[in-house]
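Data block below; observations after.
Should a chain be cited, it is by its letter among A, B, C and D, assigned in written order, with residues numbered from 1 in that chain.
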């Protein structure tokens, strides 16, 4: 399959077991180049586990993960990052004791050794993320919104082909959500970045994503466009059944 | 920032001008371990040194040519390490401008000290053993304590003659410089007498429980167990453990000096142990000087003196005689007259000799004292005066 | 056969003291998440206090009574000292490994120097309470050592009861399991950590008191034991009580058998190498769980 | 601001020390400068590994490896001091690479304890090695007579350069990666940092510097023995770091200078020297948790805030 038509990423029957507990069971899906894919499901559905499996933090118990045609099931995280698969973290997503600039510097250095080129790359990152005014602040002193954006900036510093965002909009107010969504869209438009996003803010997910995967009890319940998902009775059942 | 540099400069100046005006007093250096496990040796030796110079100063000081000097001691903690010894020596030689070190303890500290004193032409007295610290390469170093080459031949001969049936010996020593030194010498001397050395073990100074070592030594069922340079409190536990495990042979602590401690920890098992360095300064063989000093020590230090701690008395006595005879405080001049002297040590008349062993006559000629535990008390059996000393007198 | 029995007896008697001492160290780590380097000084100080008091405090009383009274006063002094050290020092460093470690190193230097200056650096001894020896299948152990081993095992049993069967013990174990959650509880945690620290310190003190009649008593004796205890808690897993027990006897057996068949210094190096290899294969120790 | 001044102060102190060593080569204070330089290097070296968040008690072993390598090469093969220094650095780095590869997978209390064990193993191995002189060590380490007047100045210059090199690395992007690992290892990994390799690299760099300092130490005392390289070396190094403050590279240097000067005046106090050091460490931990430089920085900030408020 030529590079352009094969999927960027594929999960092939991945299963993750912790002791006796099966957290993810035989899940398969693909992520096409340039798409923004949402991953949703009630709490405990296995979203975090899948996220950690994709980004290499966990080893799959069974099945395999394929990135750009290469089996990456057993690659360490840092190697995945270097071949273009990056992620953010839900909690403690920053190097809190360091300045904003140094946060981005550390992330960029791993990809560009030449100082001049590195500077150029960094200012580009800073521009897109709109962090220019807080460069010399310690990350821990930033307001919450800037902290979340900075964590995206860190992950994006290597210009990954696939960017996995773990609840990037948590704690945002309405304006901030719009700003955040705008940044994510620009990443795809300007850098052709493929995005996988886990997010609780349903309205944001529905407006952002091209396609959505729904997870329930560690299994794939269904997938489709936002409209399809919103109208799928099984999915409604899973969600509403829980909340009632 | 400028203030800081000024401060450093001032400190430097202060240090370098500190050693002036030493006209009437002569400073003697002391390099002892004042901290760590060997600290009590250092503390006690420093006390003895003070007593020695007090006595000299009270009786009018030291007459050198037409000048009269009072003595003063300057002591440093050498921490029982080479780095500590070097720091102490540099302080004495470079800061205090001392040219005579009246006593120094700990083999590694002394080796480090020698590197500095021999080059600076300073005089160094020490009680440490190693053959490596003595001899033609160290002409300015003098020793003030009997060491294995002096002690072992008469001690082993005595034991051999008293127990002619004994044929095998097991050796035990601490795993450090002095322990290795004495083990080497002991093997030579025992084999000279026709003994078989069935085991030659070393233990870490940190060993807490001696049961395994006792078991190991007794596996060969030796006639004699010689614990060599093992600190005597530990030796008491070794013998105690051996008695528990059913051994009842000839016990020798050839180079330990704190004999009382062996009785305390060994209890009944310490009975009949022989010592080669276990003088009893309260006993009838002791000199008046030794008895008097020992009584003072029991009051002021709450501990008896031993041969290692009294040694500094003898080097200061030798120094006084040498200063007066040389008519100069120049270390080289003193080093020249020291071997020719007969002076009054705490053991009685003494001098320097043993050139036949070391190549230089820089080892003090002291009686070899053989003692033994009898009925829970240390008793001196013999004070053997070296032939060389007899011929000097 | 009799040699084997003798080596086994040696193992038991050495191991009994190791267990007591390293249990204290591992308990303090579990509860406070710091390594108390001064643990060894608590051990030494008790032994010194006992050796000093015997023959002086109640000169005419029988040995066992002198011993019991000296032991009790020494323990009292140690507990008071521990409270002071906790309140003014260690309680500030709960969970801060590096600061706590360095602070306790400072304590070690201070205490070792002061103990030497106050009590003298002269080796002291406490007289044995009982004389004689007991023979088992061709092996021998002095009655005094047997008594000490039995007392040490009783103390260990007491600790196990405390930790596994009482409310306080459950609370302490809960802290050791989930440090962060416990710390969030604030005042209650600080008080429980104090209890844990006192229990740990008293284990060191009891070990010191028991060893006083068996060993040369010196201000530096604690430093030597703590090295071994470090090895023991690494092998057993930091914070793990069963681990500390197993590892204590493992090390004791290696020392006992090793020093008989091989050289003791070689055995000591061997133990260190073994620990290094173990850490590479199993960083959490034999029975520990990962602590990061 | 403050830290820039501290950097200048460091350079000035080094220049003054080198000048003094050249001007009065045999003076006692030259020895003090040498001790302080060794202490500062130890402090800087142990602090460097603290950048990745680990306490390396094995620092004393690397100090000893340097000391013994240089001592052995100069006495057994007659190599010149300069060559021995380089060899010591290489030896320290190689051993650190192997030791680090095996142990840097662990962290926190475990790494501290195993590095402790390593320090002890090193000492015991040396005691058991006859070719290294066992307990007696290697004696008679001297530089050639014609070079002797320049020896102290050279040592100060070399070690000061190495300390500066550590500071430069710390400020480089590599140094930032160290700190990133300490801050949050998962993030470091997720941006492509090979955490194990970088942690080992940090240990190797520190150990090279420490080993060179160790090589110098033997030529200052003129011998090396196992007891000069016990874990107490690392303890004192930590004391320099904690007293001076660990946030800035000049912290341990300040701590080393202060404690070395204090030690010169305290050496005649015997055992109380030890008590003094212990007290300084314990009290500093309680009263100055950020060390002297940290406290200074807080004071400067406070004053700046006050002035700003008064002005406003």
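In this text, a contact is a pair of C-beta atoms (placed from the backbone, for glycine too) under 8 Å apart; a residue touches a chain by one contact, two chains touch by 3 or more.
All figures in this text were calculated on a predicted structure; none of them were measured in a lab.
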What chain lies farthest away from chain C once each centre is taken as the mean of the Cα atoms? A
Which chain has the mean of its C-alpha atoms lying nearest to the mean of all protein C-alpha atoms shown? D
Interface with more contacting C-beta pairs, comparing A-D to B-C: B-C
Cα-centroid distance, chain A relative to chain D, in whole angstrom: 43
Take the average of all CA coordinates in chain B, do the same for chain D, and state the distance between these two points in whole angstrom. 36
Need the CA-centroid distance for the pair chain A / chain B, whole Å please. 75
Which chain D residues reach two or more other chains? 127, 271, 273-274
What are the residue numbers in chain B that touch two or more other chains? 35, 39, 43, 175
Of all residues in chain C, the ones touching two or more other chains: 112-113, 116, 121, 227, 265, 268
Arrangement of touching chains [line / ring / star / complete / other]: other
Every chain pair meeting the touch definition is listed as A-D, B-C, B-D, C-D
What part of chain D is in contact with chain A in the complex they form? 173-174, 176-177, 179-180, 183-184, 186-195
Per the touch rule, the chain D residues reaching chain B in their complex are 5, 8-9, 12-13, 16, 20, 24, 26-29, 31-32, 35, 127, 134-137, 139-140, 142, 217, 220-225, 227-228, 261, 264, 267-271, 273-274
Which bits of chain C are touching chain D when the two form their complex? 29, 35, 88-89, 92-93, 97-99, 101-103, 105-114, 116-117, 121, 227, 230-231, 233-234, 238, 265-266, 268-269, 272-273, 275-276, 279-280, 283-284, 291-292
What residues on chain A touch chain D, complex-wise? 55, 57, 76-79, 81-82, 86-87, 89, 92-98, 102, 105-107, 109-111, 118, 154-155, 157-158
Sites on chain C touched by chain B in the complex: 3, 6-7, 9-10, 13-14, 17, 112-113, 116, 120-123, 125, 127-128, 131, 133, 140-142, 145, 211, 214-216, 218, 220-221, 224-225, 227, 255-256, 259-260, 263-265, 268
